[in-house]
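This report concerns only the one structure given below.
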Amino acid sequence: MKAEKSILPGAGSLIGKKSGAAAERAAQIVFTACASFAILAVASITLYLVLSGTPAIFQVGLKEILFSTVWAPTAAQPRYGILYVILTSVVGTGLAILLGVPVGILTAVFLAEVADERVAAVVKPAVELLAGIPSVIYGLLGIYLLNPAMYRLERWLFRDSATHQFTGGANLLSAVIVLAIMILPTVINISETAIRAVPPSIKAASLALGGSRIQTIFKSILPAAKSGIVTAVVLGVGRAIGEAMAITLVSGSSVNAPLPFRSVRFLTTAIVSEMGYSSGTHRQMLFTIGLVLFVFIMVINLILTRVLKKGGQTP
Amino acid sequence: MEKSKLLVKDLNLYYGANRALKDVEMEIRDKAVTALIGPSGCGKSTFLKCINRMNDLVENVRIRGQVLLDGENIYDRRVDTTLLRKKVGMVFQQPNPFPMSIYDNVAYGPRLHGVKAKQELDSIVEEALKGAAIFEEVKDRLKKPALGLSGGQQQRLCIARALAVRPEVLLMDEPTSALDPISTSKVEELMEALKKSYTVVVVTHNMQQAARVSDDTAFFLLGAVVEFGPTAALFSRPRDKRTEDYITGRFG
Amino acid sequence: MTGDTLYHKKKRPLEALLLGAVYGAASVSVLLLCGVIGYVFAKGAGTLSWSFLTTVTSALKQTVGIAGNLVNTLYIIVLTLLAATPIGVGAAIYLNEYAKPGRLVRLIEFTTETLSGIPSVLFGLFGMVFFGEVLGLGYSLLSGAFTLTLMVLPLIVRNAQEALRTVPDSYRSGALGMGASRWHMIRTILLPSAIPGILTGIILAVGRIVGESAALLFTAGSARLLPRLGGGLLENVKKLGGKALESGGTLTIELYLQMQNGKYDVAFGAGCVLIVIVLCINLWMKLLAGRWKTR
């Protein structure tokens, strides 16, 4: 109705235009505000994580926090060294990547290059489904299935050891296995996309030079998909280092050096399992651990944007 | 010149139910350039890909008949296709260098076939680049990405890459159709030079090019060879009316 | 050189090994998936029953059930989407239709990217401090929903952007050429054509919300009560609204707490329900994608 009215001659086109322009401006402002929301969110998150994470640093001292290995927040003489916690996150993530990435990339190769289209059409949705399964379920299976199995292995391995502290199977190795499984879908999906994006002419060139199928895949297609695969690995690192609920119970409940059959705490699991009963400096320290995790994630993000930019530059 | 390198006998190719090549017979001479011409969709590229079995990759393709390379049927069950493709190299319509350095592109083939020693690779790369008349242009930037080269240079690099595995036959699928005139003439000169050491089979949509560079020419139409013979004769005295129509530009 | 024959299949033991590894890896991935889903079903199916879905766990009444958690999950989904969808779609419209490439756009894209990379524990910490303490929402469904809004925002923005990008430019110029204002064009042409993409983002967000736990543990809490209804309509509406300000644990939180206490049968029962929900979401996505493709 409105539109029809403005077509009528002499319907005050100037006035119509002006109110339209106001709506137009309002719309633009609203949309800009919506878009700026992400900036606001990241800024606030950064601000509050820094604000809540720094008090403990001043109280305890950065050196003690980062370089002491003793974490005894509830002792009479509390100690707040998180070196082992940091190392656990680094080593645990590294091992999970070492375990998960080869399996993931090879599965991606299978989906994109080896499998029959019909087989791929079944396997691919299955992998996508794997990505959607909540992390608590991985945790549940970890604690119910993996830990007892690990405990059996542990008892057998250390049957003659007098000093080994038995973990009941809740140890670094269990957590690493859960993490490796959890990063699989990310690695598979992104690597597969990258492999499929390699132009067929690259494959043809390699085959025409007398390359076998396997040589062609591993010497020309994968190198050509390199930047996508690196992206997959970096995202996998991000996912592994940030995962909490799946490994909180699986990894055990005390802070130790990251050795396979030791009960360990990751940056994430320390926060989750102690937040409930912490107070005072202990609670502030948990925020400091959060801040350390945040720094790790930001570094990973920066690496990711670098990789993506570089990948975008080469045609 | 007179010895035959490839002998094609009664070759038929089907895409599903569609018969794309019909009873093709051809004798391709050693150390000569054979041109395949015809309107698009006539089967000349499909035929070319039969000679190094690149059609194996296409789904639903069935091939009947024989292609004899030095007397051995390349469609025999016992044939190792990687060995075949090492002997029968190929250059594609669009330059398709790997996203690697110039050196690694040329060294790719030899490495596949087990050459590891640095010195040997160096000399193979240099020889291949010289063979493709591009060595002078790239010798100072062998470690630079191949994708930084111009289209014409990329195509000659692809020729060098094919030469580096020391093939006996070189198949070229419209190698100049994506290139500018200057690059085209360089590649044409190259073909002249290449036939001293290689048997060259080139698909072209450009009849002047076929006339300029080839010794023999085959004219394809609807999947069949209409006429095949020495280029000079085919262009000056075509025996078939359809050949004459095509080379005089009446269709295609 | 012509001496060597073609009639000789080269043996490549190393390559056979690699191919074996490829098949092996793929089987491991598939078996893991089937194992995860199959096992949870096998263990949890016994627990599933009508009363498990419709009652609340209570020592007094001797019932075990997840009804309260299902209601809480629904609350969080609805509240989160109410906040995240308009903001996300608005942001996508800005990025696609208004923004000129420059600093602001780069910053928006970078921060959106960053948001999707922040681990949920950190969202939890932030939500606990900001929504819980600074804004005084405490442990409440609303606080949880606000926290998750930040988390799912990138999903919605990206999918909406993708959808807007597929709307042909001719639609835009057509509408604008007829004298429509830009806002009018967005409302009448762009948004309707982008709905499938926006819906995709929303469904993905639902999946994320349903599976989320760490960010909610610190913000929404873990209560498992059903809203107490009774009285007139207005009163009930008030009570339902008021529930948003109360603490409430979603299905995943309940699962976590139950397994922490070693009550594995309840945990697997909840896991079963979660996987069914995830399967439904996946199926819905597939159907939507299929419909979109055929259009």
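Should a chain be cited, it is by its letter among A, B and C, assigned in written order, with residues numbered from 1 in that chain.
What we mean here is this: a contact is a pair of C-beta atoms (placed from the backbone, for glycine too) under 8 Å apart; a residue touches a chain by one contact, two chains touch by 3 or more.
What you are looking at is a predicted structure, and each value in this text was computed from that prediction instead of being measured.
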Chain at the geometric heart of the assembly (C-alpha centres):
A
Taking each chain's centre as the mean of its C-alpha atoms, give the chain farthest from chain B.
C
More C-beta pairs touching across which pair, B-C or A-B?
A-B
Go ahead and note the Å separation of the Cα centroids belonging to chain A and chain C.
16
Which integer distance in Å separates the CA centroid of chain B from that of chain C?
53
Mind checking the centre-to-centre distance between chain A and chain B? Centres are C-alpha means, answer in whole Å.
49
Junction residues of chain C - those touching two or more other chains
none
By the touch definition above, chain A meets two or more other chains at residues 212, 215
In chain B, what residues contact two or more other chains?
82-84
Show me the residue ranges of chain A that touch chain C in the complex, using the header's touch definition.
20, 23-24, 27-28, 30-39, 41-45, 48-49, 51-52, 102-104, 106-107, 109-111, 114-115, 123, 125-130, 132-141, 143-145, 181, 184, 188, 212, 214-215, 218, 238, 241-245, 249, 268, 271-272, 275, 287, 290, 293-294, 297-298, 300-301, 304-305
Residue set of chain C touching chain B in the complex reads 1-2, 4-10
Quick check: in the complex, which residue numbers of chain A touch chain B?
199, 201-202, 204-212, 215, 219-220, 223-224, 314-315
Sites on chain B touched by chain A in the complex
52, 54, 57, 82-86, 89-90, 92, 94, 96-100, 108-109, 111-113, 145, 147, 158, 161-162, 165
Residues of chain C touching chain A in their complex?
12, 15, 18-19, 21-26, 28-30, 32-34, 36-37, 39-40, 43, 86-91, 93-95, 97-99, 104, 107-108, 110-115, 117-123, 125-126, 129-130, 134, 150, 153-154, 157, 181-183, 186, 207, 210-214, 217-218, 252, 255-256, 259-260, 264, 267-268, 271, 274-275, 278-279, 281-282, 286
